[in-house]
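What follows is a set of structures for review.
In the two complexes that follow, subunit A is the common piece, with subunit B as its partner first and subunit C second.
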Partner chain A sequence: MPDTLAHPVRFGSNAGQPVTRRDGIAKVTGTATFTADNSPENLLHAVYVPATIARGRVTHLDVAAAEAHPGVTMVMTPGNRPALQGDPSAKPTMFSFRIEVLQDDSVRYAGQPIALVLGETLEAATEGARLLNPRYAAEPARTRIDDDEAAPVEPGGFGRPAGVEHGDVAAGHAAATKAIDVTYETSAQYHNAMETHAVVAQWEGDKLSLDVPSQALLMSCAGYAYFFGIPAENVTIRAPYLGGGFGSKAIPTGPQVLAILAAKETGRPVKLMLTRQQMFGPVGHRGATRQRLRLGIDDGAALTVIDHEGLAATSSFDDFVEPAANASQGLYAAGALRSAHRAVRLDVGTPGPMRAPGEASGSAALECAMDEMAEAAGIDPLEFRLRNYAETEPGTGKPYSSKALRECYMQGAERFGWSGRPLLPRQMKDENGLLTGWGMGTALFPCPMFAADARATLRSDGSALVETSAIDMGQGAWTALAQIAADSLGLPLDMVEFRAGHSSLPDGGVAGGSGHTATAGGALHAAGGDVIRQLGEIAAADPESPLHGAGNAAFSARDGRLYVDGDDSRSDSFADILARAGSAELVGNGSASRAPEDAEKFSMHSHGAVFAEVKVDPDLCQVRVTRMVGAFAAGRIINPKLAESQLLGGMIWGISFALHEEAKHDPRTGRIVNADFAGYHVPVNADVTGLEVLTVHEDDPYVNALGIKGVGEIGIVGSVGAIANAIWHATGHRIRRFPIRIEDLLTA
Partner chain B sequence: MKPFDFVQPRTVDEALAAWEPGAAWLGGGTNLVDLMKTGAVQPAKLIDITRLPGLDTIETRADGATRIGALVSNADLADDPGFARSFPMVAEALLSGASGQLRNVATVAGNIMQSPRDAFYRELDPPSDPLSGGASLAVLGTGGRFAAVNPSDFAVPLVALDAVVEVRGPGGAREIALADLHLPPGDAPGNSTALRPGELILALRLPAAAAGFAAHSRYLKVRDRTSFAFATASAAASLRIEGGRIAEARLALGAVAPRPWRVAEAEALLAGRAIDADLFAEAAEVALSGAVAVGGNGWKIELARRTAARALAMAAAGTPARMPALPASPFAPQAGDLIHA
Partner chain C sequence: MSLSIRLTINGAPRDIALEDARVTLLDLLRERLALPGTKKGCDRGQCGACTVIVNGKRVNSCLTLAATLDGAQVTTIEGLATGDRLHPVQEAFIEQDGFQCGYCTPGQIMSAVGLIAEGRAGDDPERIREGMSGNICRCAAYHGITLAVQEATRRMAEAEKGDAA
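Right, the complex of A and B next:
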């Protein structure tokens, strides 16, 4: 794709242009300021001690040794931890979890903070933490999904998925002439954003200034304020750049709260940054699952039932349960649908939302089960999905706000060359004798909207300032949202100054759920529209304006001028309108959220189809994904370049999920033994070849004013199953556990 | 991180004099610094040897042997055209290790001195019993104990080619056959070496005869990730072929034992025989005949067997004229011109 088009050469609107990310140069030249780059005067460094057992009590910390170390200024333990005003077990905001802030001497997972050391240097604090040399009374660690009794999930609240049932499930099973009953397992995964969690905290009286990576600035302000007993407006967060979030940076975490507490106690600024190893514990992860899928079909290969039971690992002290089974709702037109969830309590940190929570794990199992069902039916997996295509949402019968999944299937299959695929496995070899297989999966992701506000200020020179506390965690919000803002004002992109990433700005909502562009973008769109509306009123009332008296006509804004719709001969420039009105500036406000009636009436989802080719060495069993085509229909695409990047990133995570990512626990200590990037594998460049993204045109008049569905998460959904199915097609082996490893194929 | 002294000697004599119990030599630091960060090793003193003169050259001696200075980087050795031409499987092994950035910094002596990567052996309180799975637990050469496999790729072809390690220490200079450098596991988990306290590796040496295998010499590395991952199984295979028969064979296995694992019995079996796939399977069988599964890793024995047979077949087919883009991978192109063809 071309680079940013130089002003003033533009073709139509800003939205839809493949504008290069505006923060790119700052990031690659190192001038972008991330949280831990801030080092205020008089700074103290905080380092916490992670527990090295997974269950038990801390019986001794050598506080004297740590305090005696030169440069150590304070050792915080459960014995002397200053009081918090809020309850660490409370959940003050949406998405909250119970946090571990040295409440007591108990250890509930390996990696839990058990003490905090402050030092004049990072080195001093690090050594002080080492010198604490904890001793424990350890109990046996429960880290495997079989290690404890599973209990039903009580639905309700964030992270406690409801079971869903539509139609007569027993009748669906009974009506099946062919059926499968398969169990798939997924491993624990940790987000591991490039930028680890961090905070730089400074107090001034009861006002708290934070540099902290956050996917939800105003919500985080409220969360931190709760713990310290101050009004939310006393908390200011700066977060201009995030080095990735993936769901793990939406809310306050224990280590961050402890560092803020330390700053309050010492009266000095405090910086804390997690090490890579510390990312495996207190900041969330994707919990392991075991999923049983029972599918049945009739003689025409129509699904009579999808019965999906999920068992998910959660912590011993909180409730987040991976809503994996819900991935089976809303996708295929089965006569009966059931999703049920149970949870196992383990001695691990509390899991949380991680890129496509529920859908990623659930789809991995569902799409493999669909492939197994197609195999049992003796028909092509794509044909099988088309025969069970849902024209309305299964179960509810609701119409889709839009659904171009059929086009995704067709365009993806065409591009991939699916039509030549042999039905049976182990039929294809390449010129080097490598087994070759093709698999596919369907992608589905909801398109939620949150609530957001924005402000647009038109200046006397015709330029504009637009503001919202939106978050760019690498996905490109700085760019895509600015494109929307510029369009809403009828201005070229470089006439718009875009401010985001600061909590003092209007609430940009949550950068999560794939809903940020729709939500913050919707607010910006409304704010710009408010400015144009006011401008039209001023011009229409101004006898000197060419627009005078056109008050009943609609206006459109283009290139800094207001036009009478359908009559380009009547126009006036923004600057002239303001100048004649004697206004230095004109401020518009906007907000966005979904219309409740549309949300009630329609099923709203992004869709996609992913096709994968793998090659497998027939003897050595090493697997490589050689080609993937993902075709996605996600409503209006604001920036094709950034959207492609998001979708590719999701598909690469699919490779990671299918073949690489797994946190491994030592069953004796409960510690994660591969808690670094040498041991916790994600794909390297050599594992990522031949990926291609197609975006399928889709107009959605209901999802929101801009027709945006979101592309943040759907790329991973469908990709995992496509790869596993391709491995089956290459080898004839169904590996029902992720990641799929050499030994699984060798011993299959 | 535990505070430590840091010295930068300018001569080998100064370096040797700086050594004291608790000190560690610092080369590229790609292994040692990691271990220090996790607390697995806590040296009281680091002796930075990267400024020592004369240890960064590759030279051919009068007797035809190739001498590689201890501080030559992994990248520089792999990219040396003369070296790669004479010892293609060594270059292949080097390029299959770590990442480009690490190879630029890591030294050749540091490579063969790597500590085991298995996380269990990097913890402060290592376990006394194994895990199920055991991808990185040794199946050969453990004397009945649990041990992590030696993580080096580079050392595998080196041991097959009779490499020698030149060291100097308080007791003077001496040479150690690479095959004898890594000791069998003792009571403590992790590996130890035949280096005496205060001894420093100055060079690695390959005898002149080692270049005689260049036309049929391959290193094959198997792992779940295509790059930047330690081997699950690997093999270095070299054949000297005369008149369609194997005049002499070398075979060493990686990621199966606490040391690079040379298999003389398999080499003996191959010598004098005609090239044939069944022969390679037989040799591989012999190579793994003493293997014992640990913690459920019996699959690793089978994988090592298949890897050895494949490496032999690849060596028999001939060394590619140009190193493939993904060295030592089953996914590397098989076709192409051969050297010395």
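Right, the complex of A and C next:
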């Protein structure tokens, strides 16, 4: 642990408090406006037609029948689609995918748009879309991971992960006195935010105004602008609230681009909202994986090698290879480490980042393999992890900027009661005869930062306006970021008006990678600091200010007053300083990104430990998660109430990954047969009981000025393995594919 | 074709000239009556985001054809608060952090109001979880939702007791 503070860390009166959501009233009264809630005058409704085969060509669409339906105003097909200025196969921004916008009659996956129908009403457009009754020349679809040959991944940034190799891997295998060689499979999963992807598009000349849910407002402006050949500043996005994102709403998708094109063509506002079924295809998913893990230990149960190979499914036309194997490279101290990725091309929509991309799938396999290795060694799984605790980053030897994982293990184990766990499986039964098992997993997640800007304006009445194009998709940006801003200005929270969710504001960056609070918060913190600095200069130079001449001393701000540090008798109110200077307002600017020298010097990660209890019916093999404790160290927690909610949500995603989620393809048509909430299972309230989150104190002076690491994704990471390991402990069966099904246990 | 119906929505009578028999209550509220607080999550009764109260019972408005509702009383999320005074369920959802993104929240809250009126769950968390399981929350704010329904149930029962006394 570093023992010096490289950057001053401020601890104020707002950040750190469990404030309830500032957008709470809007969200409980139905006045929070989501994209599809907007209905401008003269609106047209768009409905897109999804391909019902996975590979081939569209040979016929009954356009005449659709056009003849009352209320249908336009049918857009590859035959009459107006030109786009940008190439749908290009990648105009940092995170981009090739999109399907009726560029030809080919079908590359089920669910791909093959036509767009516009109508005066939603009912008319929906019926028009049905009447198109497509016919196809279908080819055999490849939808299973063995349906085509795997190929190595050529590393190339986003979606094409490089492998990692540290130490002598062959020697690591040779040195092992005990070894395991196991293969785990994970299923294709679809984000399924409750708000489906939507857009309301309006053109005025060459200016485009969009309501669209976006996890990256300015980047999305650039993306949409590219397709329509206009400057990015001509695109305005309003996105005050996202009905969930989980990684699927960062970039323009084909259906949204088509709706914008339709608005341009018709000269009328157009609204498109994907159906739930249409969420299974053109808007990304977590690709299926098959992962082989070879672990070896010496006589002291120290890992000699972690050798992790991942095979992941991507689409036939674009690359997003789940970087699953890399999840094992930063966690345990092993003599040698290797990760490698291969991909197979299938007739599915292109996968993309989904909550904890790489880490969720990779950790699921790794944490189960660690449990198997501990079993082989005959020692407790927690003890095994402690014996292989990495004091510095494995492979590189870099110090951690902070790492309170040991405390997570201890506090989590204590709270859960782990010490009472029998070593062998199938030892515990509850009072109803249900097999009971306890399992654990370690959670690891990197803490990236993007770049963001912010502006703070102090007003003459002493209140402030703070602005950045930050995004709230449920994590609580409206609250946590306002807390940071208030703290940076030394103002009570109710004196701060916070504006976000609009692309005309300073660039709030990307809400992804669990880095939004750190990034946008960092920019707000800097903007507030800029205001205070200027205010200090004005006051020190003002003979009438009690702070006159104190320019060499440091000032601190609290409760709307500027104080000479260490001398509370000398202070001046913000409002008085501005009034005497004759200023109506004072504007400060700030930006934030990771200091490159810190990024180079330190390994930066959030850590956690998850403990789970399951109960399994010995005859029916039905599995219930009855208890979970997650202990997480994620740097400074701005709002414990909201952070706990996000961590709980992540752990429930872990339950979902372990026991529920799986998109199943019909091998004949390639279509997903369970593309709705009846067939694609996610946890409901009755699936969730006995969950508890502990946040472990951690000061990190290097990760960023505020010491924030982020909590959006790490909750899922250790949870999947913890549940699978608990199932083994209850039943004695290792099920090596996710989700773990009743039939797997019945036939084990 | 014109199908005129009369609905009482959030206490106000509305005469609605409906030209299309296919219009669901959900789309009527959202697209024609400027009441978009009720949300569309699946459009086939699988997620509960569109839950409203019709004649005292919670229903999936996406599965209800508007033309079948002549004379009905409909309460939506927009009609729950009294002026600036939130309904106890709304208050409890804020206090217990019973939501994250807020998209399923109108449906969760209307469902909770319906569940409490049904009077079968009381403040038993297991029954509440079961009774709220028709409402999917992908952010998975279930812990807070259960606490909020428990809390609101207690407060409403106490208020009723107070009124009776």
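Please note the rule applied: the second predicted complex is superposed on the first by the 736 of 748 C-alpha atoms of A that agree within 3 Å, B and C clash if a C-alpha of one lies under 4 Å from a C-alpha of the other, contacts with A are read in each partner's own complex, and residues count from 1 in each chain.
The definition used in the following text is that contacts are C-beta pairs under 8 Å (C-beta built on N, C-alpha and C of every residue); 3 or more make two chains touch, one makes a residue touch a chain.
Here the structure is a predicted model, which is why all the values come from computation and not from measurement.
Asks: Just subunit B (first), just subunit C (second), both, or neither: which does A:Asn80 touch?
Replies: The answer is neither, since A:Asn80 touches no partner chain.
Asks: Counting residues of subunit A touched by each partner, does subunit B or subunit C come out ahead?
Replies: C
Asks: Of the partners subunit B and subunit C, which touch A:Pro683 in the superposed model: first, second, both, neither?
Replies: both
Asks: Just to be sure I read the superposition right, which of the two partners does A:Thr392 touch: subunit B = first, subunit C = second, or both, or neither?
Replies: A:Thr392: touches no partner chain.
Asks: So in the superposed three-chain picture, is A:Glu123 touching just subunit B, just subunit C, both, or none of them (first/second/both/neither)?
Replies: It touches subunit B and subunit C both.
Asks: Figure out whether A:Thr59 sits in contact with subunit B (first) or subunit C (second), or with both, or with neither.
Replies: Neither partner.
Asks: When the two structures are overlaid on chain A, which partner does A:Lys27 contact: first (subunit B), second (subunit C), both, or neither?
Replies: Only subunit C; A:Lys27 stays clear of subunit B.
Asks: By the touch definition above, which subunit A residues appear in both interfaces, subunit B in one complex and subunit C in the other?
Replies: 123, 127, 275, 678, 683-686
Asks: Under the definition above, what is the set of subunit C residues touching subunit A in their complex?
Replies: 20, 22-23, 27, 30-31, 34-44, 46-47, 49, 76-78, 80-81, 86, 90, 93-95, 97, 99-106, 109, 125-126, 128-130, 132-146
Asks: Quick check on the complex: what are the subunit A residues that touch subunit B?
Replies: Residues 52, 123, 126-127, 130, 275, 277, 431-432, 434, 615, 617, 619-624, 659-660, 664, 666-668, 671, 673-675, 678-679, 681, 683-687, 739, 741-743, 746-747 of subunit A touch subunit B in their complex.
Asks: Sort out for me which residues of subunit B touch subunit A in the complex.
Replies: Its residues touching subunit A are 1-3, 34, 37-39, 99, 117, 119-120, 123-125, 127, 129, 131-133, 135, 222-229, 232, 297, 299-300, 302-303, 306-307, 309-310, 326, 329-331, 333-335.
Asks: Per the contact definition, I'd like the list of subunit A residues that touch subunit C in the complex.
Replies: Counting only subunit A, the residues touching subunit C are 20-21, 23-34, 36-37, 39, 45, 121-124, 127, 192-196, 241-244, 246, 273, 275-276, 472-476, 641-642, 644-646, 648-649, 652-653, 656, 676-678, 682-686, 688-689, 691.
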